[in-house]
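There are two complexes below, and they share chain A, which is joined by chain B in the first and by chain C in the second.
Take a look at the complex of A and B:
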């Protein structure tokens, strides 16, 4: 029964990783770039919600409603000021620029909020404590269910957006071939800016869940980036629903790893990620050729 | 038309570099141990910058996980010294260990491209860090001292460590210098300029990249060895920190990605900044991150690359230049590499 419980908790944890990874997956799918500041952006969103809660005493969900449009705008600004330039400059430049940005965000958060660990759990009301005790070993938390439901709705909504709206068609066309899309009158710069705005806003939803589930500090971003990236890669880069599956696989690996030994939790996730990489890229040609 | 390698400037400068290395060797005889310790840090930065540049500047491999090898070098030293080997021999063994470990890692890592490689290396560094934390004999998460160094008097210890750092610096810079000048060098620079074009011309891109990756494994391992020799205490949180990658990226980008001299300039610059802002602090890191991002966007060739381009200046002859014969004064038609 503890195993069943571990699996249930793993799915809940995985749904959280999927939300966190969703924005990363969108940006890679549309622009073929990875934003190395993605985790820091998520943490920034959590701090934004935290500030609103502190100032107004509102619930985190109200705070998120305030933070969401701000993050959309920040994503848009990020695209037009940094990413648009870096896209033209080759394959390494977006990585270099966003890595620099990641350090900037982390340390600005440190200056603004001190290294103290914060949590949004207290402001989430009933969701932090309520749980449904099925048996002695198995308990289903309201928060876990909430995150899973939100994750499924989020991915479903994105699928509907991409399949049935003109803006979604433009995004798919640009992802397929930006130059060809330009020929039929799609402004790829606007599409990219929209994609990054959505990605950053969804990242802040991940940050919100991070804050409610556990806690965060200014240095939390890189770990969240690694988990998000692992979810994207495990699920298959460029596949939206794959990211949901990848997130859940990562969550399962971590909770099942923790069953063996508490310290194995994160390690098990990393090993699953590396195993997927080997399976996908290592196949049959693991030979060592000496430089000549 | 003729193709030349050396210019008067580069001849003078290369000879001068030898002179500088000799002059540096006398540093421990003249300066206080704390100055020697600081200069050892500078040499560590020079090695790290040169190695990261070898990967990113010539191989197109942007790694955010070279701290894996720094950590292996540092913890390897503690491990071998704990087995009763003399500390300085332990350091050599640890460096070789880091280089050896880079071979199996390269089998997976070099199949990945761009972001997959960058974050894949980061995850590998995290895995190694977790494995070290799980080992109580290596001090687990709380860190460990290199107590075997206590057998040397502090002055001598600092001097030996500095000479070792200088030896490693000369070794790795010379290795990179001769690598770039050899027939391999031309193919490496072709990969740097356009990987797909190089492959289509028959350059064996994969094996060239492996060579750079293993060289960087040795080099970053050597840097890790020097970190523990210089500070005598290490903990996984700092020695496996991604901050090392941040420093490497800053030095190489600001100095000049894909140039031989640039990373050295970048290392000196970072060292100067660290000496001025001794307390460090978040604003200093904000500055480093912002500068790196800005340079990547607006000055992709870095300081040295830009100087080289404007002035046609070449201090270390790792490339070729074409000189038109009809004019007496050297007309630089092209200064490649």
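Take a look at the complex of A and C:
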């Protein structure tokens, strides 16, 4: 029964990782940018919600409704001011630019909010603590269910957007061949800005769940980035549903690893990530990919 | 009436100069063939007209307005459409999605998904299929149809026969005849000299980035064209030496 519990908790944890990873996957899929500031953007979103909660005393979900459009706008501005320029200079420059952005965000948060650890759990009402005790060994938390449901809706909505809307077709077309997309009348810069806006706003959703699940401080971003990155790679880079599957696989590896030994939890996730990396890009194909 | 005017256009890839001081005009309703050996600069010239290559110097005017600085997608909304070399379809999009994604909001006209499928009936059973799964001829039909979706006033065709079986090329050109008969202005690059001379009203021959011969298709005899094509008999312009 503890095994069943570990699997259930692993799925919940994995859904959280999938939400965190979603924006990272979008930016890589559309622009081939690996956003090293993704974790910090998520934490920034959490702070934004935190500020709204502090000022107004509103529920964390109301606070997120305020933060979401702000993060959409920030993402758009980030693309047109920083990432678009860096994209023109080859594949390494966006990596450096987002690495720098990560440091800037962390330090701005440090100045604005001090290194104190914060949490959004207090403002999430019943979702912080409620759970169903199914048996002595198995309990299902309301927050876990919420995150899983939100993750499935999020990925489903993105899939519908990409499959059935003209803006979605334009995004897929630009991701596959930006030059040809321009030639059929698609403004690739606008598509990129839209993609980054969506990615940044979804990252803040991950930040929100991070804040409700546990706590965050200005330096929390890089850890979240690692988990998100592992979820993306395990699921197959650039594949949307793969990211959901990859997140859940990572969550399962961590909770099942913890069954062996509590200290084995995070390591088990890293080992799964390495195993996938070797299986997929093993041997000569890795050098081939890098060379191209 | 002049639809397209290219003036002293220079295009470079780093140090390589692909197009050197090219000037010509295309009138409304004309079919002009651009011929020349590999590396003569034909594809670069078409891409510069479409906005996919930023020229080093010179200008491109369309319908009297200077479009040299406009990005490609803005030129599409003015009515310039390029069928690029190698087709460049979006492989994971279905045939229908490839067509629909190219429908430009502000350009209404005869062409829509149904009209394209009517002209290229071979695509009808393939409309829900990803473009990656199509044969070469079918892909070329989608590429042409995709360009038509913006209801262009100027259609640029880059080697639509490349890599296709002769019988398929015939079918593609038969379909194009329908398009052309509706009064479109076409600038096409074609390797097959006989076909170029038959389809086009006027021929422009390029060599090493220069225009070396230009004239009405009927007025040119094959020998003169072949000489210009390969740079024999002093047709190459003086400035070409490097």
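Quick note on the criterion: the second predicted complex is superposed on the first by the 282 of 292 C-alpha atoms of A that agree within 3 Å, B and C clash if a C-alpha of one lies under 4 Å from a C-alpha of the other, contacts with A are read in each partner's own complex, and residues count from 1 in each chain.
The rule we apply is simple: a residue touches a chain if its C-beta (ideal position, glycine included) is under 8 Å from a C-beta of that chain, and two chains touch if they have at least 3 such contacts.
Computed from a prediction, not measured in an experiment: that's the story for all the values here.
S.K.: Regarding the shared-chain residue A:176, is it in contact with chain B (first), chain C (second), both, or neither?
M.R.: In the superposed model, A:176 contacts chain C only, not chain B.
S.K.: May I ask you to decide whether A:96 touches chain B, chain C, both, or neither, giving the answer as first, second, both or neither?
M.R.: first
S.K.: Quick one: classify A:54 as touching chain B (first), chain C (second), both or neither.
M.R.: In the superposition, A:54 contacts neither chain B nor chain C.
S.K.: Who wins on chain A residues touched, chain B or chain C?
M.R.: B
S.K.: Looking at A:137, would you say it contacts chain B, chain C, both, or neither? Reply first, second, both or neither.
M.R.: Touch status of A:137: no partner.
S.K.: Based on the A-chain superposition described above, do chain B and chain C contact any of the same residues on chain A, and if so which?
M.R.: On chain A, no residue contacts both chain B in one structure and chain C in the other.
S.K.: State the interface residues of chain C toward chain A in the complex, per the touch definition above.
M.R.: 50-52, 71-73, 76-77, 81-82, 84, 88-93, 97-98, 100-104, 146-147, 149-150
S.K.: Under the definition above, what is the set of chain A residues touching chain C in their complex?
M.R.: Counting only chain A, the residues touching chain C are 166, 169-170, 172-173, 176-177, 179-188.
S.K.: Chain A touches which residues of chain B in the complex?
M.R.: Residues of chain B touching chain A: 56, 60, 62, 64, 103, 107-108, 111-116, 118-120, 122-124, 126-127, 130-131, 133-134, 184, 204, 206-208, 210-211, 242, 245-246, 249, 253, 282-283, 285-286, 288-294, 296-298, 300.
S.K.: Okay, in this complex, where on chain A does chain B touch?
M.R.: That would be residues 28, 33-34, 36, 82, 85-86, 89, 91-93, 95-104, 106-108, 110-111, 222, 225-226, 229-230, 233, 237, 263, 266-267, 270-271, 273-274, 277-278, 281-282, 286, 288-292 of chain A.
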